[in-house]
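Everything on this sheet refers to the single structure shown next.
Chain lettering (A, B and C) follows the sequence in which the chains are written, and residue indices restart at 1 in each chain.
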Amino acid sequence: MRGSKRLWIIALMMVLALVAAACGDDDDGEGNGDTGDDNGGETEPYEAEQGTPMAEWQEEGAVTIGVKFDVPPFGFENPQSGEVEGFDVEMGNYIAEKLGVEPEFIEAISDNRIPFLEDGTADLILSTMTITTDRDTEIDFSRPYYVAQGRILVPEGSDIAGIDDLGEGTRVCTALGSTYEGTLAEQAPDAKLDLVDAYSECFEKIQNGSVDAVSTDDVILTGMVIQDDSLQLVGDPLTTEPYGVGVAEGETEAAEFLSETVEESFEDGTWDELYEEWVGQYTGEDPQHPSEVTLEDAYELFPCDETC
Amino acid sequence: MDRLLPIITNNLDIYVSGLLVTLQLVGISFVVAMLVGTLVASFRITPAKPLNWIGGFYVETFRNVPLLVLSIIFSAGLLRAGVSLGKMSAASAALGLYTAAYIAEAIRSGVSAVSKGQIEASLSLGFTYGQTMRQVILPQAFRTVIPPIGNLIIAMIKNSAIVAGSIIALDDILKVARIVNSATFATNEAFFWAGVGYLLLTIPATIIVRRLEKRFAIKR
Amino acid sequence: MGYLFDPANWEWIFAGRNFMFLLERFLNNILLALVVMALSLILGLVIALLRISKNKVTSAVTGVWIDVWRNLPVLLVLLYFGLALPQEVKEFWVDIAPGFLPPQIKDSGQVVASIIALTIYNSAVIAEIFRAGIQSLERGQGEAAAALGLPYWKAMRIVILPQGLRRMVPATVGQLITLTKDTSLVSILAIQELVAAGSIVNNTSGSPFGGTGVPAPILQVYIVVGAMFVVFNLALSLLSRRLEVRERKRAGDVETVTGLEDQISIKPV
């Protein structure tokens, strides 16, 4: 007994030593984002009222933000730096800066964005999440901070030119838990849907030919086109998808605070800068400016379907 | 859990189709696993050293690699290498080849459990090696091998969820539960019925295996 | 075949921090497996003792518990807990997680869901291993202990468990191997471990978003990922065989509990 017990203890200590060594490396793979300009001195820390979620975050000194880790240019992990970067990440940094706290970024895929808010794993979700009335029954949204559109991505030489070409036998990839599950079921009922956990899988599938098309927000698809320019966006926009920052149900002060913060970013030019840096320089397009879309408009675009 | 019944009644059709997908996947994988497993087992048993080594390499690799990694290799990996496998084929290849390693081991144990004494006796009675195999060893090995293979079928039913849930994206029982969950947010109910679906497969399988065990039990 | 062996497709291993990145994330898998195994051994022993209890009801109910978890796919249990675990539990983990753990484990509420799910599943298998180990001894040793006047719990503690535990080592290490493989599944729960890391290396390598410029094809990346698991698991099974040999030298040919992938059986002498 003693002999083998000793072996186990030694093995365990070796593993722990390995772990400690690996942690001595100051690589926080989780990513603390790129807090580029540190409080240029212009923004004063926000005064949060007692009892609001913002006050809690300020007390903790940190706010946990769920972002995508595999969707450039909105949220993606860079293995060379070990950090997460992207438009959503920068919006998160902007919000955290206003509060005067440290942002902590965790991965939130489409399927667990809402559970993360419900169970408190994440304080905020900035994960290319479209505002819908159904989702509003589970969580709360800020005003729209980006307006994406649903598009279709196809490989070079494809016959598909639009939603009508997604007929019987075509295979279309999108993420489980995204609005496109429903949208495609409606607009392309004969197509065969491949539902995956993460858009990086859809990207792989369209490149290796196991699907004929990918359908999701244009920004996500643009990220794919940037990485592989043989792919192309086709057809008219399927939907308008206003993104909102998500907070847990009932945190109305937080939702209002976030809406105000987003509006400030429109006013002080930050939004335009971020857009140009992360999206504009690649697409060269002029999207619809989110200031034109209100929260009510967003709800009307995605009215009650299942859960309300 | 107040939505327990509505969840299944509203979605019965996709739950059933999920069950059928799982069944199809397990069925095809089983055939692949038995064919490849028997082949690899024969490599392990034969006196030829290089074949022993190949068999050993196969078993050690496929038993120690996660099925999820195999799924990715057999679907996306092969497609990139120019080998075009459809979804169900890639999935059955991954699950089948993975399970084959375990089947090979089960068969090898079964064969080696037949005592050497019997082999020697048979050979000294003038049976050839081939006849010994066919008439003495294999029939007895067959009996020993039924319980582990039966258990491996149950393992396959459970492992099918991994293959289907990988990038291959088949709509099996578990995937259906996730789809229902993302539309209705009724996590407990959706997953409960998925659990029921799997038990509907594994429990009868267990009962059949136990029956077969009894039927083929060696009475000493 | 050319594609498989073309050296250009393997260059990514040496480019940038790719390989180190994979290794670091693999540590998360190993750590998770060890933590879960430690918890499962404790819980598994408790369940096993309940299972062999003389009380028919306890025994039967525990039996049902074990059978249910052993007949469900691990992935289903993992996904269920990942999606349904309540807030308080996840916050509790983030509060108590020791500082030496890497951030992907320390700060992730999903990790506690995966620990709970894997422990519940794993402990059911461990309980069966314990039960087989204990029952392989019980009759002869139990009677001897009784003849010597030892009461039930003392007999358990001094005679049966120590011998039983030794016999269970191969099966337990085998289960640790299975558990290590199962940790790859937590990638589906968006936990940053090796399989997810492979996807990131594959995606970003050729891209303008944080790439090294050297493409990392998915086939080669996952062959390397698979190889890491194989090497680690092989080492574990070699360790197990070593222990078995030592045991055999010590106590003569010994009955051990073994199995193939979740199955438990007593290897006859």
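To be clear about the criterion, contacts are C-beta pairs under 8 Å (C-beta built on N, C-alpha and C of every residue); 3 or more make two chains touch, one makes a residue touch a chain.
These figures come from a predicted structure and were not determined experimentally.
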Pair joined by the larger number of C-beta contacts - A-B, B-C: B-C
What's the chain with its C-alpha centre farthest out from chain B? A
Based on Cα centres, what is the most central chain? C
Intercentroid distance (Cα basis), chain C paired with chain A, Å: 32
Approximately how many whole Å separate the CA-defined centres of chain A and chain B? 38
Could you state the distance in Å from the CA-based centre of chain B to that of chain C? 20
Among the residues of chain A, pick out those that touch two or more other chains and give their numbers. 111, 115, 197, 201, 204, 208
Among all residues of chain C, which ones touch two or more of the remaining chains? 83-84, 188, 218
For chain B, write out the residues touching at least two other chains, lowest number first. 76, 80, 165, 178, 187
Touching chain A in the complex: which residues of chain C? 16-18, 21, 24-25, 27, 30-31, 34, 82-87, 90-91, 100-104, 107-110, 162, 165-166, 169, 188-190, 192, 196-197, 199-204, 206-212, 218, 239, 243, 246
Chain A to chain B touching residues, read off their complex: 111, 114-115, 138, 173, 176-177, 181-182, 194-197, 201, 204-205, 208-210, 306-307
Taking the complex as given, what residues does chain B use to touch chain A? 75-76, 79-80, 84, 87, 165, 167, 169, 171, 175, 178-179, 182-185, 187
Give the list of chain C residues in touch with chain B in this complex. 3-4, 68, 71-76, 79-80, 83-84, 177, 181-182, 184-185, 187-188, 195, 198, 217-219, 222-223, 225-226, 229-230, 233-234, 237, 260-263, 265
Per the touch rule above, chain B residues touching chain C in the complex are 60-61, 63-70, 72-73, 76-78, 80-82, 102, 105-106, 147-148, 151-152, 154-155, 157-162, 165, 174, 177-178, 181, 187-188, 191, 194-195, 198-199, 202-203, 206
